[in-house]
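In the two complexes that follow, subunit A is the common piece, with subunit B as its partner first and subunit C second.
Up next, the complex of A and B:
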């Protein structure tokens, strides 16, 4: 266990920050767990590979094209398969359909790539800087972009959700779609905007992750489960805490990996921490509130009258 | 989905499945099974085998040799699904040209021994299969019991006396390789303590913590018990963290996915393969593979081709002798096999493992070409 391990773990976990932000946005908006959404990252990463490596597109064009395509695909998927469930408030049916969509995407991508792992050749990041203590590692462009996402994207998104008119409309639709419509908010437009943004964020995560670790059809499957776990444990309405939680989880996982004998528990420890998070959020917090309420009442009753 | 359309979709799916099944039938061909992963995270193994069999079938046809009808079962390279698929196929085939994965092969070989169905494998290299594979399990891949000592010999002769190891603890091949390598290296006097061996999981893609922990041991050499892209990512990340020592492996480095993922770190690997690993016929096969599938064949494709041809030879031997084509006669024929494959001469010892004389140490050039490694 060392500072190097912890810092390295925290840094690498930032790759999931855009995805967890996108997931939380969509989860709060739709009132269900969009398990399929991280797979937009898989598709975007494969599209980036196709554009850059097979079609010979320019690197920047490939990445932007894949990002936009990821967003558009997310919107299309939502409109075709999930919008009805969201309108009818059927979170369990939507979740099940999301599982099915994830599996279909994973298998279709697997079939199309014959299951082979792929790696970017022309898009492989060439820029790098050797970093000394405490990281003792080589930083590449995707590392910096994902760090930037944590530093800029998370606060910016939090601000826009909580302190802008568009954010107000988003919260209104997320809270009660029919009431929001009655107050003149165009819920369909908010739907499109939110899902496009959320899918693009997931696409961003997928592309960054693929640039660093290569492409496999299952590349977002394990991360997706962690993202869901964070969203459930922390609550999808807490964007900043979700982003921090996913990074902390990465740190804990890497600390575990560095200990011989405990490395196999790497993923298990992350989930254990999340179970504690769920208990704290959904069991202990309400208990604490109830207790605080009771105590407050008693104190109020004890106050001398007059 | 409109509920009225559902029967239509079901009918369409059924037609597709039946069509696919009918396409597999070759009249007059001998039915053999292949339990390989056709989906899931290990799918690339199944794809490589299927592609190699396709070329082998065409070559056999061109040479007027026996034709095999390969019936596939999706094993996912896991014990449970492999056993289920074996039970489904065992009455339809005379032998299995592949049971992918050391763990599944160990489990199936017990059943195959009882059912008297020969199994060949181009993937399972665990030393446990030498004794545990039984009389009906053959393999065209050298056991790690032979390759790990060859690797340790090289390391020790090169003065690399302090080692560390990383391996996938959820993979039967990797655990077998770990045991074989640790035993061989320690027997030669090398220092490889238990706390210098770190196990990771099959989902691990970032190894920064394991590399940092192992780097603190100041090793002369790193044993890598990971496969394919995962092995490539490990050596690439180790290089990023300033590791300059060589990485040692066996056939796990002989895969295109490894080369793609390793990037410039591939020149730092050393791995042992049988001395005659790339014959002229192997080069012809590689050219055909590239032309058909638009990618470089990995080591598995060569071995899968060899497994197919070995089975063809055994079937022909039984047919020529006028004996009934059953498991017992096929097993006896396989034991008599002496042939030149793409990966060198193929002959089985008393444990049905490959008889191998010498190993060569290999590495990669910066452009990904496999070359004999310079001796230190």
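Up next, the complex of A and C:
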């Protein structure tokens, strides 16, 4: 186990920062856990591969085309399948549908690629530089873009959500859709904008990850559960902390991998975070509130009269 | 050829028993539980360790299953349905991680579970175990439709949807009993699967295996006939098609999952498993 191992894990986890941000945006907006959303990354990555490697488009056009297609697909999916659940506040039914949608996407992609892993040939980024301590690895363009997403995208998104008029409209719709409508906010437009943004972020994550590590039908399946774990544990309204948490989780996973005899625990980190998050939100917090209420009452009763 | 059919029969019946066990919890009781393979995995490792180190570890696996049933039952009221579903999947994931980290249990490679009594990969004797287990699972769901306990389970399911009614119904004992029955079925299925394959590995706890099972369960509904028919069709489809048409089994499994997932996407509109949200 070394610093290089930890830094390598942190770097790899930064690839999921855009997906976490997108997921949190959509989760807060819709009031459910859109487990299907990270699969927009899978679709976008495979579309980028198709455009660049099969159709012969140039690199920039392929990436932009795949990014837009990922976003549009996300909006279509939301409008067609999930908008009703959001309006009726049905997080469970939406989650089940999300699981089914993920399974369909994963299997369709698997069937079309015969289950084999693919790699970009013409679109492979040429820029690379050997980086010494603390990484001891070759730094490539997708690595830099992911780091940029962590450094720029997360704060920018946080700012726009919390300190702009559009962000205010987003928060109003997320908080109470009907009340927001009554106050003249166009909830449908906010819906489209948020889901397009969120699925584009997931698409960006998928494309970057595929550029660096190759394409597999399951490339966003396991990360999706890690993203859910972070969103549940931290809360979808805390964008900056969520982005940091997913990176930290990647570091912990890699640390586990580095400890002899504990390599298998690497796969359990995300699930443990999810369990802790669920238990903290729904078991410990209500208990704490009840205890605080009892203590508050006792203190109130102990107060001298007059 | 006969051995091949028997092999398909054993695997299909054991997997279908798992689906029927999950139907008891998810569709009859209305609890969003997706980790029935957790009990099957525990049983598989229980059998394997018992064969290697003695029966005490099998008892430990049983005790662990009982503890999990108690935990899952206790958490039903506290958690919203979506979080409960994710929690069960997360428990499965943690189980897999713990098993793959343990050198005693063979790590990621797993360990042998061959027995001298029931020889692995010989489907004949296993059919005598798989058929009664499947019929037992079927019979239990059938009984729930026709017994007073089934009525109690139905009332418990409906009561869970109305916050005011929860305090009027003895939810805990009903939930615990159904959980115990379902986990017992899953445990037996897992034990037979371990003995039949002759090897267990952390893949038994994989979420990727639990999700198709969840899809089959959701599609199965509450009727014992429909659930059994769908479970049997679901698991026999890849083998049957690859045997008859010659396609790859994996590709057929993918086609199967696409078909049933699309069915779930369509069915979700009709409030799957009678699930309304009580927060």
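Some points to look at:
Please note the rule applied: the second predicted complex is superposed on the first by the 271 of 306 C-alpha atoms of A that agree within 3 Å, B and C clash if a C-alpha of one lies under 4 Å from a C-alpha of the other, contacts with A are read in each partner's own complex, and residues count from 1 in each chain.
Heads up, the rule we're going with is that contacts are C-beta pairs under 8 Å (C-beta built on N, C-alpha and C of every residue); 3 or more make two chains touch, one makes a residue touch a chain.
Note that the coordinates shown come from a computational prediction; the quantities given were computed from them, not determined experimentally.
On the superposed subunit A, the two partners subunit B and subunit C do not both fit; they clash. When the shared chain is aligned, subunit C comes close enough to touch A:33, but subunit B does not. Of the two partner chains placed by superposition, subunit B and subunit C are both touched by A:264. When the two structures are aligned on the shared chain, A:124 is found in touch with subunit B, with no touch to subunit C. When both complexes are overlaid on chain A, the residue A:138 reaches subunit B alone and has no touch with subunit C.
More residues of subunit A lie in touch with C than with the remaining chain of the pair subunit B and subunit C.
In the superposition on chain A, A:218 makes contact with both subunit B and subunit C. Of the two partner chains placed by the overlay, subunit B and subunit C both lie in contact with A:110.
Contact with neither subunit B nor subunit C is seen for A:47 once the two complexes are overlaid on the shared chain.
By the touch criterion defined above, A:100 reaches subunit C but does not reach subunit B. Of the two partner chains, subunit B is the only one touched by A:9; subunit C is not.
Of the stretches 5-13, 95-103 or 257-265 listed for subunit C, only 5-13 runs into subunit B once the two complexes are overlaid on chain A.
Overlaid on A, the two complexes show subunit B and subunit C touching the same residues of subunit A, namely 107, 110, 114-115, 218, 261, 263-264, 266-267.
The touching residues of subunit B, when paired with subunit A in their complex, are 37, 39-44, 46-47, 169-170, 194-201, 203-210, 212-213, 216, 228-229, 232-233, 240-242, 256-257, 260-261, 263, 295.
Taken together, the subunit A residues at the contact with subunit B in this complex read 2, 4-5, 8-9, 12, 107, 110, 114-119, 121, 124, 128, 130, 136-138, 140, 213-214, 216-218, 222, 254-261, 263-264, 266-267. On the subunit A side of its complex with subunit C, the touching residues are 32-33, 81, 84-85, 89-97, 99-101, 103-104, 107-108, 110-111, 114-115, 218, 221, 225, 228-229, 232, 261-272, 274-275, 278-279, 281-283, 286.
Listing the residues of subunit C that touch subunit A in their complex gives 32, 75, 78-83, 85-87, 89-94, 96-103, 107-108, 202, 207-208, 211-212, 214-215, 218, 250-251, 254-255, 257-258, 261-262, 264-265, 268-269, 271-272, 275, 277.
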